[in-house]
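Below, each structure is written out as structure tokens.
Below, chain A partners chain B and then partners chain C, in two separate complexes.
Moving on, here comes the complex of A and B:
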């Protein structure tokens, strides 16, 4: 039996994590009259959505786009009066391949047309296979064991003859997962693609995952949800211990650092853990860990991604007939997008350093930053190498996220431990975009997971009364 | 605006190239579908069938129940059939739209891109 701890606050449900998933769960519960407390480790809400003012602009250091079929995210924006606008796409994109610059139009670099055709065929094969993997239970897919015993790289060995086509697909995968094809279970990859409408959808601007942005940044949506929940959202209060006794229905007690100093304990009937799997595993669990969930979390590392913003006095690339998009086979940047404000009054390029390139970037220190500037110059001309400011957001350094954009599953994880992803353990329920069945890894998925966790908790509370 | 004759001529060229392309034959294997082309700039659309790994000839008008509806301007269709236009540009700008099941839309999107790339 767990030792008694002094209780500072009692409530019906305690939510760990004030990102999109935790706030979505808490808001749904609060709207049903449930007494809920949200403990957020950081001094802000939003989690992997984080908008900051840089040089008078609101820049998203984390998740920033909204695409078609992301209906929860759109409803939330509508409700809060946050407008969206299309990602700038007019003009040609730039490809850097083997140190040579090409421009192209459309979805995929066309310089090596047969290789591009190879890549398009492979993406179709992957996307059609993904539709066969059930998003609510990938482990129930036909042949789940074999698919989960293969990496995406293994699949590419069998399906892609040309090294250029392989490169094209690897760049796309690097951007989407923050990981290399060698790191990804094929079963997990297919699940993820199905949840987001296919790789062809995830790499797209217009018509896809990067279609629109929020005027003023995505974090406003988290702030809006938190405002509704009010002072029951406690910032600066990282949870350290979760206590529950699964043999007795006596709720859950979490002990967190108190804003400022010391610690406090919140006791609730139910808890929602709205954090990445690896972050849940870093907590102390008393008297024992949620074993299968913890084991699964050990097989779900965070991706590796750093987001870079380069600020200019204006989006000069537009006048050169370019849309600000870059695809590069060698780092540091594997992709960029035009991230200028809606009025186009200033120029901003947002770039992603991901997977292999990000690991190298972290080792290279200042030389890595210099390489980013050189690469921008090669892609968009000498002016691009001299931004007014360069912002670098390293998600792997974030104590309460651990990487980005999402946790991935290594081979063998989902087929052996998958059901533990969402299965409640005693009074503990699981949210977080990793637990979503629609748009896993995206803001939309976070909202869906929070709503699902809230529904589970309401069921459980209803059964009690 | 392209005339029906111009469209038919361009399509015949596209069809010949597509039916002779081993990669495209593989990509439409087992995918028997009815595709309607709707002209956004007016005029009678047309129907194409994919059957047994081959594209049919173009039939004027909207014939049968479509699995996929492709909507665009006659000029863009002409350019696309001649291989002068990357269809993914037009999908991304929304000037050509595809409607149908997710799998069918994915397939026609990829097929038309490969037809452009793999000339």
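Moving on, here comes the complex of A and C:
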């Protein structure tokens, strides 16, 4: 069947997806002299990293931070000459709880001190438990079946007495996963925390995952990788069909829409699929679809997140002794950060509408947007309710991503189907931050997954030469 | 954008999917004089009902039973002159537990009588609780958030002391849903049980969901509906793109592969999507994809089930006082039934490999098939291990279904995204057994969903005329 397709381009490796993982794989391969072609559906590279210019500002509509231990990301920035600067943290943070505004210093809202202590203890307990889950194979954890048979919410029921502590942890979880604690397999949660150095690390600015930003935005790193690969990166070319015959070792042919119109086919010895699991599952597979990978993909929904940017002429909250951070127990926004440019010449707040709040927000339409403005006003004063501009980036509407920030695994998925996550299917290898064992879900994880997929492919090509 | 597509066919309503739900909708519309076109991806109608001829036998590779209260299904059979006959139940059933074989009479294996009593009580408790969940809107249940925040496994932890009782219930759940208790939102489970008249009903042969079979197989009913609709049912035409402009009331255009080669476009005032949620989510949506429906679809994975048919010259187990039913605590098979033809002239056992066992089975390849034969031998004697033929129908490999027998909703899905299940998106209406409020997941539910979608469409068309 595969032989009947007219071939427009032959290469050694075709990479599907020009996000951080696909570009990382392609660059590693190209540097080893492999003839690669990257097919990217959108008219830009970067995937979940997308930097948009708005009135002279460079706003990261997707992934934007870099933190300690994200060494691949830092090396890439160094190599490309992209500078970083610390997230603005001077001042107090705001908490909105039961409609009342409080301010606090440090990591956790402390208005209810015993609850805050409970929440911190729970975070440390989770982080300790996470160390027992091997990141390369969570399904091999000592107690994998039991851990995968319960949700993070179930764990919280057993470990958190106070509803306030539960709320505090839920807000953190919503921000990290774009999902609610009841959606997350405990096994998956522990894997994810282990891969990212712990929940205490993931929720931090200074010393953690939100420590620094890129001057000019994160997408520059994708652009830089793509520039190196050159015209072998084809934009505007969404793949529709993946053909291979697992019974005959005759490579893989992908058919994609051609930039402009029509379609074209690229034949390669190997393919790297560098897209989220659910997106890979939406391709046509001819003649054999990878049924177990597909069943796994059905159990790895994308989180639900919408990112908003509120633009002001100045970061006025700084002068009020605030750091621009908000933690809210009720939506739309569950958190905000100061996202002003490095020189502080303009004011930008970035906010996250996530999980259940995001699903309500998407349904509410204009009323949801008004609620965001009102919430900003309650948190940071009346000026905050009247930004010069409010940008709303709805990741659930992105056909080539499907949601954000990351895919999660629901209960029962990893323990019964987990090995299908990275196991090659014939000549098809898997990349994407969801397949990472370090910093899964982050730009760093995307880079790691691409490098790992490239190494697999080099091994496979070497075995044939 | 929609206007730029050349139109090959215009009609009033285009139905995507020629399973029971799509045909039911199309037939209801056609009977009201509506010009409808049904696009079916496969070269047959029936969807999850598929009757295959094997050496003179008519084997149902998919849905096959009819039970009390499935009135639409019965009426359809009556109308088409398809007779039914009772599932063979005379004799004792076999239980395999911890590698040991027992026989028993009645609904539940009684080797461990206290555990059996526990399991029965749990079933009754679930069925009572299910009555509190409104089938038309489970998300409006009094305690929807809490029920959706836990899994059926969580409920079992609280309500079942004995591991044996837990095993018994798990086997039942595996058979009904193709999934494990930890995968199922409790809210979804209760909804599903309510819609089907209770778990005690769903696991029964006599008096329940497996009471009777169709002489000649269930697909005849789909064929009969399709015959009435005639050449407006187009086979071999998988839809790839759904176009509509929600801002302008200009109908909907679907582009499908054309039987043979190439593609064609059908424009209609309304569309009915009569496919499982995950399959609908794999279409291209232009220009706007229904983001909330998509997020819901990501949280409604198909169950995992493979159906095996073992063919013998005679139903020899009947002469050994056995009814052909097996319940096993370890896979591959979790249950079997006597599936011999009405005259008993040949012997057929139908078995289900479901949930975690199915995922292992699909991975094990030939070893899995051997394990099935060995298990049949242990249950029904050496003759059972050597069937004339063993048919293996892997629903997870079916590109246009994605698994079986039904989609389930994972924790947190229905309470936050449930309303998107049936809510029309512009001119697009939703059918499919997953959208049914009576007998969701069954052929009866498919018929109900099609009738409901047809009524919605008639309303909408009426409003425009």
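The rule is short, and it goes like this: the second predicted complex is superposed on the first by the 462 of 465 C-alpha atoms of A that agree within 3 Å, B and C clash if a C-alpha of one lies under 4 Å from a C-alpha of the other, contacts with A are read in each partner's own complex, and residues count from 1 in each chain.
As a working rule, a residue touches a chain if its C-beta (ideal position, glycine included) is under 8 Å from a C-beta of that chain, and two chains touch if they have at least 3 such contacts.
Because the structure is predicted, anything quoted here is derived from the model rather than measured.
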item	value
Of chain B and chain C, the chain that contacts the larger number of chain A residues	C
First (chain B), second (chain C), both or neither touched by A:204	first
Chain B versus chain C as contact partner of A:114, first or second or both or neither	first
First (chain B), second (chain C), both or neither touched by A:302	second
First (chain B), second (chain C), both or neither touched by A:336	neither
Which superposed partner A:433 touches (first chain B, second chain C, both, neither)	neither
Touched partner set for A:294, first chain B, second chain C, both or neither	second
Partner chain(s) touched by A:393 [first = chain B, second = chain C, both, neither]	neither
Touched partner set for A:282, first chain B, second chain C, both or neither	second
Overlapping contact positions on chain A, where the chain C interface meets the chain B interface	none
Contacting residues of chain B [partner chain A, same complex]	23, 26-27, 86-89, 91-94, 102-103, 106-107, 109-110, 113-114, 117-119
For the chain A and chain B complex, residues of the former touching the latter	89, 105-108, 110, 113-114, 116-117, 120-121, 123-124, 127-128, 131, 197-198, 200, 204-207
Touching residues (chain side chain C, partner chain A) in the complex	148-151, 153-154, 179-183, 240, 278, 281-282, 284-285, 288-289, 291-292, 294-295, 298-299, 301-302, 304, 355-356, 359-360, 362-363, 394, 396-397, 399, 402-403, 410-413, 416-417, 419
